[in-house]
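The two complexes that follow have subunit A in common; it is paired with subunit B in the first and with subunit C in the second.
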Partner chain A sequence: MSIVIPGDHFTLETGTEVVLGPNLQTTGNIANPTTAGYLVQTQTGSSSLAYVEADSKRYMPAAQDFVVGTIVGSFGESYKVSLANFSTPAVLGFYAFPNASKKNRPRLKTGDLVYARVASVDPDLDVELECFDATTGKEGGFGHLEGGFLFEVRLAYARYLLRHQDAPTPYKTPSNV
Partner chain B sequence: MVRDYDISNNEKQFVLTALEQNIRLDGRKLLQMRDVHISVSRDEYGYAEVSLGKTKVACRVTAEITKPYEDRPFEGIFQISTEISPICSPFFESGLTTGGKQSNDEILISRLIEKAVRRSGALDLESLCIIAGSKCWAIRADLQFLNYDGNFIDISSIAVMVALLHFRKPDMEIDGNNVILFDEDQRNPVPLSILHIPLCFTFQFYNPNDDEENIKGNLNNELVLLDANLIEERLSLGSMTLTINKNKELCQMVKCGGLNIDASMIMNCCQHASNLVDDLTRKIHDVIRTDSELRKNPVEKELQVVNQRET
Partner chain C sequence: MSIIVENDPLDQVDGSASFEFGATKVMSSVTGPIEAARPRNELPTKAYLDINIRPSFGVPSTRETLLEHKLGQLLPAVINLDQYPRQTIQIAVQILKNGEPNDYTARQLVAIINSVFIALINSGISLKSSLMATCCSISTEGEIRTSPTSSELASSVSHFVVVYSIEDQQIDNLLFCDGLGTFKQQQLFDVLDRAASEILLNFQQIRQAIASHVSQNYVWKA
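What follows is the complex of A and B.
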């Protein structure tokens, strides 16, 4: 692990497929960190993963993040989902659920909690969420959360919990990443 | 547009179910207050910081000499400024972005503090008069809200009162139409004349039954809660603020709409507030007393007098 700051750039190994995590941008095979933090590069099988581990107060959605959001309304064919208080809501399509069709789709109310995955992040568009596993198209644990309580934790802690399977927690609960 | 906190149904349900079982998120009982931490400035007069859990407020009191109001020549001027900036929470928008328009919560908080402290006559305005009709002290209390976790009203009343008690204005002498002010080194500054210490207690109400039971029924099992934190305050169906001093005088009672509450329940709230006010008043006096004792340094005072004679 090394500390990187915005303005640094380093080349990613070509040859293998590199999955980019939060806080990294690429131009060709040059990666630029978008924030200051620890650079983490891990190799699993044929693909490798690179991301910058940083703590910040405000959550900035990044593609493939697992998030818990509150439904704050719906418009057209999608729900508006708040990922953090006082920030722009993300969009969750009515059909972004496994096996959803016009007749058969989850009916969510304002105030309901959903566990979802960030599907796409574009600075010019709304953040899009999906409630199914990207590889299998199955449920994968996503969807409407019932009962329980939502705990707000620090971003760094939430990321730590998600990335470490053996993280010491009293209860394994999805946290507001 | 003012945006509210997005509180999910899960959180709402959890909090309300817990309240029905007489437990709150932070482990308190329904009518228990959070611990009040009061700190005052050691090097200057009239600065207090009060925190109630995560809610934090700072208050500074300043004084200047001005002309009294035409219609009140024998009275000084006392103003409380309560502008809530987005520093404490994005829930409160800055006056710059809203064009100086305050949100309803903000207006309510400002007015309640104003009524509780200024209009209950906590500060003796007549003692601020220097020369009738031409010179008087204008006392100004500036509240800064540093962090929001519910219950701004109660904490503000504590902060203003502590800052007023902590404040000292320069000693002075009147020579005909001239006013001579003395430096801190020449004469000890004098405290303000505070007639009583009004403190606010805000109760929040919740309805475990349906609305019909609340209006028509006589079960009276609405839940009452003191010193709500952020989530409890956002979920509450009505609130009531009581302002009371340690002589058990009720200075103000405000209940702006919300849930219908039985008179006997309101009496219970008053009783509870009057039990709490003693402890809180004692705590405030303790802080002020410790501060004035720390300031006393007999040797240093002696030396200052010697220095002055030499010049």
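What follows is the complex of A and C.
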């Protein structure tokens, strides 16, 4: 894999269906990286995938990402969830939980942690989160997180941990915290 | 020009870099995109650039405001500001070593532009192209000198700060040119040519620093 920086143009395969991932801009079939990182290009069948794998500290929400957020408040029928300090909070509706109804609503307090999926992202609208599995509509491990510790890691490492089940992790809990 | 670049020296910001060449050293940090601190800074279609430059000693004066203004003119040409509507991108610059008399800003502006570019790369903010700045001076004999020292600047008849964008490892567009003093049209063209070849030569070092930082962030890939 090669390291690219902004301005390093490359040509996308023509005649195939190209799926563009993060950190790329295109004009015609010329792609331009928008930040420095590893250029990844893979071919599966008739479609090809291109993206730039880049590390950063500030999380920018992308649809279908799995995230851990902090409840920072509620308004109307939804919670405000902070995904990164000083970023615009995301919105988690009271009905975005499995089996939620007007009578059976989630009880989360300010400061609670939730594990959620990013449902929709539009730069002109609030980011929306959901706490149920998109295909089954069941819980799927999402929801309120109780006990344990929260660690902040760099985004590249967080993605690496999500994709690699056998990734080396610090599993020993500090005893004198 | 010997360049020393340090990537991400600061922990609490999204991206930072220090840039040192000769007697001038500058550290820059980038935070963003974040929520606008004041409603009047919320632009409906693009991100607001909040630039702060601190001098190496004393309190910020009109000199720093002038530098902030010049940086603010250059950056919208390289940042995809329209990708972050209603957000703020905070850029804080601290000059560590002046490296030139207080009446001059050329060397510091070069260090500021280069360090902010590397800090922007480290923060992951969407950029249109790469860029690099350099400075030149014209001596009393009409000789062009790249990256002039403090004494060379003081004895020059004019000096310039030139910024080019770099695409496909080639010089692309002239993004910024700031000249002070007396010079002829042909001298300005010569300065632009010299600056272009100087940037092409020195950008390799910046590219190397960025590439080694990227591979450092992905230690498990090695």
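In the analysis below, the second predicted complex is superposed on the first by the 119 of 177 C-alpha atoms of A that agree within 3 Å, B and C clash if a C-alpha of one lies under 4 Å from a C-alpha of the other, contacts with A are read in each partner's own complex, and residues count from 1 in each chain.
Here is the rule we go by: a contact is a pair of C-beta atoms (placed from the backbone, for glycine too) under 8 Å apart; a residue touches a chain by one contact, two chains touch by 3 or more.
Every value quoted in this text rests on a predicted model; they were computed, and no experiment measured them.
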Touched partner set for A:Val72, first subunit B, second subunit C, both or neither: first
Subunit B versus subunit C as contact partner of A:Tyr160, first or second or both or neither: second
Which superposed partner A:Asp122 touches (first subunit B, second subunit C, both, neither): neither
Touching partner for A:Phe86 - first (subunit B), second (subunit C), both, neither: both
Partner with the higher number of touched subunit A residues, subunit C or subunit B: C
Partner chain(s) touched by A:Pro6 [first = subunit B, second = subunit C, both, neither]: second
Which of subunit B and subunit C A:Thr35 touches, first, second, both or neither: second
Which of subunit B and subunit C A:Glu152 touches, first, second, both or neither: neither
Subunit B and subunit C contact sites that coincide on subunit A, given as residue numbers: 86
Complex contacts: residues of subunit C adjacent to subunit A: 13-15, 31-35, 78, 80, 83-87, 121-130, 165-169, 172, 207, 210-211, 213-215, 217-218, 220-221
Contact footprint of subunit B on subunit A as seen in their complex: 70, 72, 82, 85-86, 109, 111-113, 145-150
Subunit A - residues contacting subunit C, complex: 1, 3, 5-9, 23, 25, 32, 34-38, 53-58, 60, 86-88, 123-124, 154, 156, 160, 167
Sites on subunit B touched by subunit A in the complex: 3, 5-14, 90-91
